[in-house]
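Take a look at the structures below.
The same subunit A turns up in both complexes below, where it pairs with subunit B and then with subunit C.
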Partner chain A sequence: MTRTQTRLAVRHRLAERGVDRQLWLLVPGLACVLALFVYPFAYGIGLSFQPAEGGVFGAYRAFFADAYQRDTIATTLSLSLPAAILNVAASVPIAYRMRGRFRGKRLLTTVLVVPITLGTVLTAEGLLNYLGPAGWFNRLLFFVDEPIRLTNNYWGVFFSLVITGFPFAFLLILSYLSGIDPTLERAAATLGAGRRQRFQRITLPLLAPGLATTFCLTFVLAFSVFPSAVLVGDPAGTTRVISIAAYHAAYEVYDYSLGSAIAVVMGVVELLVVAIVLGLRSLLYTGSTGGKG
Partner chain B sequence: MTGFDELRLDGVRRRFGGQDALAGLSLTIRRGEFIALLGPSGCGKSTALNCLAGLLPLSEGSIWQDGARLDTLPPEKRGFGMVFQSYALFPHLSVRKNIAFGLQMRRLPRDEVRRRTDQALSLVRLEEHAKKLPGQLSGGQQQRVAIARAVVLEPSLVLMDEPLSNLDAKLRLEMRTEIRRLHQTLGLTTVYVTHDQEEALSLADRLVVLRDGRVEQIGTPEDLHERPANRHVADFMGYRNLLPMKVKAVHGPVVAVEGSGLTLEGTAVGPLSPGDDVVAGIRPEDLHEGGSGVPVTVEVVEYQGRELAVEARTQSGDAVHLRAATRPAPGDQITVTAAPARVLVFPS
Partner chain C sequence: MSRRIVASPTSWLIWGAVAFFLINLAGVIASVVVNSFGERWFDTWLPSGWTTQWYATAWTEFGLLNVMVVTLEVAVLVVGISVLVGVPASYVLARRSFPGRRLVYLLFLLPILMPPITYGIPLATVLYKYGFAGHLTGVVLANLVPSIPFVILTMTPFIEQIDPAIERAARMCGAKTWQIFARILAPLLVPGILAASILVLVRTVGMFELTFLTAGPDSQTLVVALYYSMSAAGIRAQQSVDAMAVLYTASMLVLLVIALRFVNPTQLVARVKEDPD
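Right, the complex of A and B next:
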């Protein structure tokens, strides 16, 4: 065999294992990920283990020893878990109703999706004006003596999380639902299953893995809440979420190590919740659902 | 088995966006019958089936089960079994649970559900696959699950929507026999939708031929095969030669026709008079080579086992199809004849 032939044969064998010139296409993306994500991430973790005092775990010890800091985990969970659950739960019936084709579907989808494009700050602004003590909502409730406080506390942040998180949940669930073959429900109907049984026994089990994924995504979004916790919340008290604690440590006290440690704790808590949900998801049927999805 | 004596469709019509998908189907189905709805795609046969199942509301007309009106009931209250073209097996449930689903919906006692599911599993010979998910089965096995799931409820009517169209040719033949066997042994009443005339002829007691949402003919397989009512039914029943011609003379039922480069005698379907434009329908197997027939030129010869399929051209350039016992060569001149009883002459 000549040398060119040998080289060709080697190239052919490599290509069969996925090693060929197309691998170069990965380079720009990989470089960006390394430079903009992996390096800063590793740097932050490293920073969290280098506090000014207290040894390697000093920053973590400082965070967990201080109840004011430690409690931000519970505060954030108490906001993000209910918000994520509500977003998923509210999306299911609406997406279920909208899974077919009907007149005005595009308009309705657009209206539901608009909050994504507005951003948290504008939403918070709107909430302050609408739900505030002198806003329209309380003016309509003229029969109550004291205005109901729905801003600058837990509820303000909660509403803001629902408004911004719902469109994500809705769009995801709608696409999961349209991936389920509609003939399955028709088949269930011919077998004597009523509307409710069709949903419970056929659609819901096939949708459940999608709901778990959707929950994880909306939860992570809600867990890292920052702008609305400051703008419509009570950032010094009831809505002092973990991202505020991290910001405070890093940019007001200039303790970068503590700030990084809090960010790492934040990531670990998120990962734990996601791991639990995905663990439960793996117990479900996750194969083909027969649809076009 | 809960059953009916007759199921009557009365002027069933279904429109989609102002267009008739099904324009007035009237049909009486008797208990124990095997009815095939036959027609090309878009003829309204699946629409008719979905209307029967209750998956599509009617635009007009009504459906009666003995004395009771049925078309106002939702599908889950009709008690019909349905086999879908895509099988529509529940992908997250095992074979056993798929089959038991309908029984559970009826809230039957647990041991009865188990007993009847076991019976249905052995009926379609899938006992050892009971615990598998549908995705782990072959197409033919999925098909059998779909059938078992529909018949386990002992429905008064089984609806089948092209159930064999996703199977390969060999399996299709096997399953065809299997479906007819189940129909007979279980004493089912079946409405079967297909576009395959051979399937319909071999399975059904009565056929309904549909075209553009309208009924073209209703009859037994023999009726349709021997006496198609018009050229469209003939086209569907294997009259591959449909040649435009003109009537030369009429002698009772026998008419002499001419055109497309041929001169033939045939049997009139409907009243005809000399000078009428007609279509002569001849099956390839009824057009014979030899004798003092009309000369044609052989173009294509296909080997088909016992015989050869020949496409030839008449002197006027029209294509004719015939069978030959010996292999002619392309370009050969041969003569063809057909017995007058085997040539059907339809008004065009």
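Right, the complex of A and C next:
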């Protein structure tokens, strides 16, 4: 066999397995992800094992030995988990009522989605103005003696997470719900299922995978809380979240090793939560939701 | 009839909660807007007088023209590059099966599943090491990381909608791959490309963390400038910070309303279904 023939044969065999020249189209995208995501991440992990002192695990030891640093994990989770759960839980009934067609649906959707545009800074400014001691909210509560303190603490950050996270969760849940075939529910109604039964037995199981995904994406948003924790929170105390610790280590103390170590810890914690949720999801029904109705 | 009576308390409760959320949201937004137009506002319901001077102050003090130009440059570059790079990749991922496809897919998903700070810090360190950070280049490169995967995920359902028979017919007629792309797929994909670009535009203009970590003094986008002006409070009048925040939100709102014209929220489902894969 001549050389050209061998090369042709190899190319043919590869093409049969799905490898041909068209795959070159993937290369630019893959190169970007490898150069801008995988390589820096690997570099960061490497850096986190090369601290100035304390051996290979010195940076991690420094993080976990210091209660002020270690507690940022709990602080972050205590903010982001409730916020993500509330956002998803509140979106389900609202989206459930809105999945049909009715007048003004587009307007209501737009209004509910507006907070996406606010950005963390306007939300923070607004919360400080509105919920502050002389703000409108405390003016409405004139019957309470002391103004309620809702900013520069846990609640300020929590509200900011709800304002920015809810529209996102709502949009996703609405899109999942409108992907469930409405005839399934109508069939259940014909067979005599009540409103509650239909929701529990038909809609909820079909929605569950979507709920898990939405929860994960909302959780990622809430977990990376940084600007609002600084602006409406109490960044030195009760809302010192892990991203503040990472930023502080890397760009204020210039300890890149510790900064990378905290970023790695942050990623691991976040992926653990996502893995647990997706693991629970895989126990549930996965498959067709009947297509779009 | 009995069904209606059972249902109405929950209905009331849900719409009540929505109304409560929206009223408080309106309060949050209105307090910033009112403050940005107010002269002095201390312990009263409304400011003592009205003025537009804070907008003028914000415009000159924060060098907003420059900031706006930078924001626009970053957004256009990121959208352009991520569409050029992302669309061909998403075509291959949507149409082809090849060894390692799941791994490639996971690689493209990870940047979206990770909080930006987590990869932003190592990325900024690397960009500083090679001298990219601190300029426009660094900001654009950093923003490409979540944007390319986002384009890929948004485009996948649009590509799946196109009948492969059309491409096969073009190939039968002798078209080459680039010709199929330019003459057949690109025109059919215009709505999808528009949707993806606008979503990436909204995300890039709103992306705080990555820009914050990589921007230098003359490459700040609007969000980052806003953050700096607010965290350095006390030096500037709070009203001019508010005026800037109102400008930011107004521009984002315009973008979002345009985006919602092109993107039907219910179309997201096809994209999201793929996500946890």
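Convention: the second predicted complex is superposed on the first by the 279 of 293 C-alpha atoms of A that agree within 3 Å, B and C clash if a C-alpha of one lies under 4 Å from a C-alpha of the other, contacts with A are read in each partner's own complex, and residues count from 1 in each chain.
Just so we're on the same page, contacts are C-beta pairs under 8 Å (C-beta built on N, C-alpha and C of every residue); 3 or more make two chains touch, one makes a residue touch a chain.
Given the structure is predicted, the values throughout are model-derived calculations rather than measurements.
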Please determine, from the superposition on subunit A, whether subunit B and subunit C clash or fit. fit
Is it subunit B or subunit C that touches the larger share of residues in subunit A? C
Given the overlay on chain A, how many degrees, to the nearest 10, lie between subunit B and subunit C at the CA centre of subunit A? 90
A:Ala90 contacts which: subunit B (first), subunit C (second), both, neither? second
Could you say whether A:Gly192 touches subunit B, subunit C, both of them, or neither, answering first, second, both or neither? first
Check whether A:Arg281 is in contact with subunit B, with subunit C, with both or with neither, and answer first, second, both or neither. second
Based on the superposed arrangement, let me know which partner A:Asp181 touches: subunit B (first), subunit C (second), both, or neither? first
Once chain A of both complexes is superposed, is A:Gln5 in touch with subunit B (first), subunit C (second), both, or neither? neither
Of all C-alpha distances between subunit B and subunit C after superposition, which is the least, in Å? 7
Quick check on my understanding: which residues of subunit A belong to both its subunit B contact set and its subunit C contact set? 194
So, in the complex, the side of subunit C touching subunit A is made of residues 3, 6-7, 10-11, 14-15, 17-18, 21-22, 24-25, 27-29, 31-32, 35, 42-43, 45, 84-86, 88-89, 91-93, 96-99, 104, 107-108, 110-111, 113-119, 121-127, 141-142, 144-145, 148-149, 152, 177, 202, 206, 208-209, 213, 223, 226-227, 230-231, 238, 241-242, 245-246, 248-249, 252-253, 255-257, 260, 265-270, 272-273, 275-276
Show which residues of subunit B lie in contact with subunit A when the two form their complex. 53-55, 74-76, 78-82, 84, 86, 88-92, 101-102, 105-106, 133, 135, 149-150, 153, 159
Touch list for subunit A against partner subunit C, complex: 17-19, 21-23, 25-26, 28-30, 32-34, 36-41, 43-45, 47, 90, 93-94, 97, 109-127, 129-130, 134-137, 139, 163, 166, 171-172, 174-176, 178-179, 194-195, 209-210, 212-214, 216-217, 220, 223-224, 226-227, 230-231, 243, 246-247, 250-251, 256, 259-260, 263-264, 266-267, 270-271, 274, 278, 281, 292
Provide the residue numbers of subunit A that touch subunit B in the complex, in ascending order. 181, 183-184, 186-194, 197, 201-202, 205-206, 284-285, 287-290
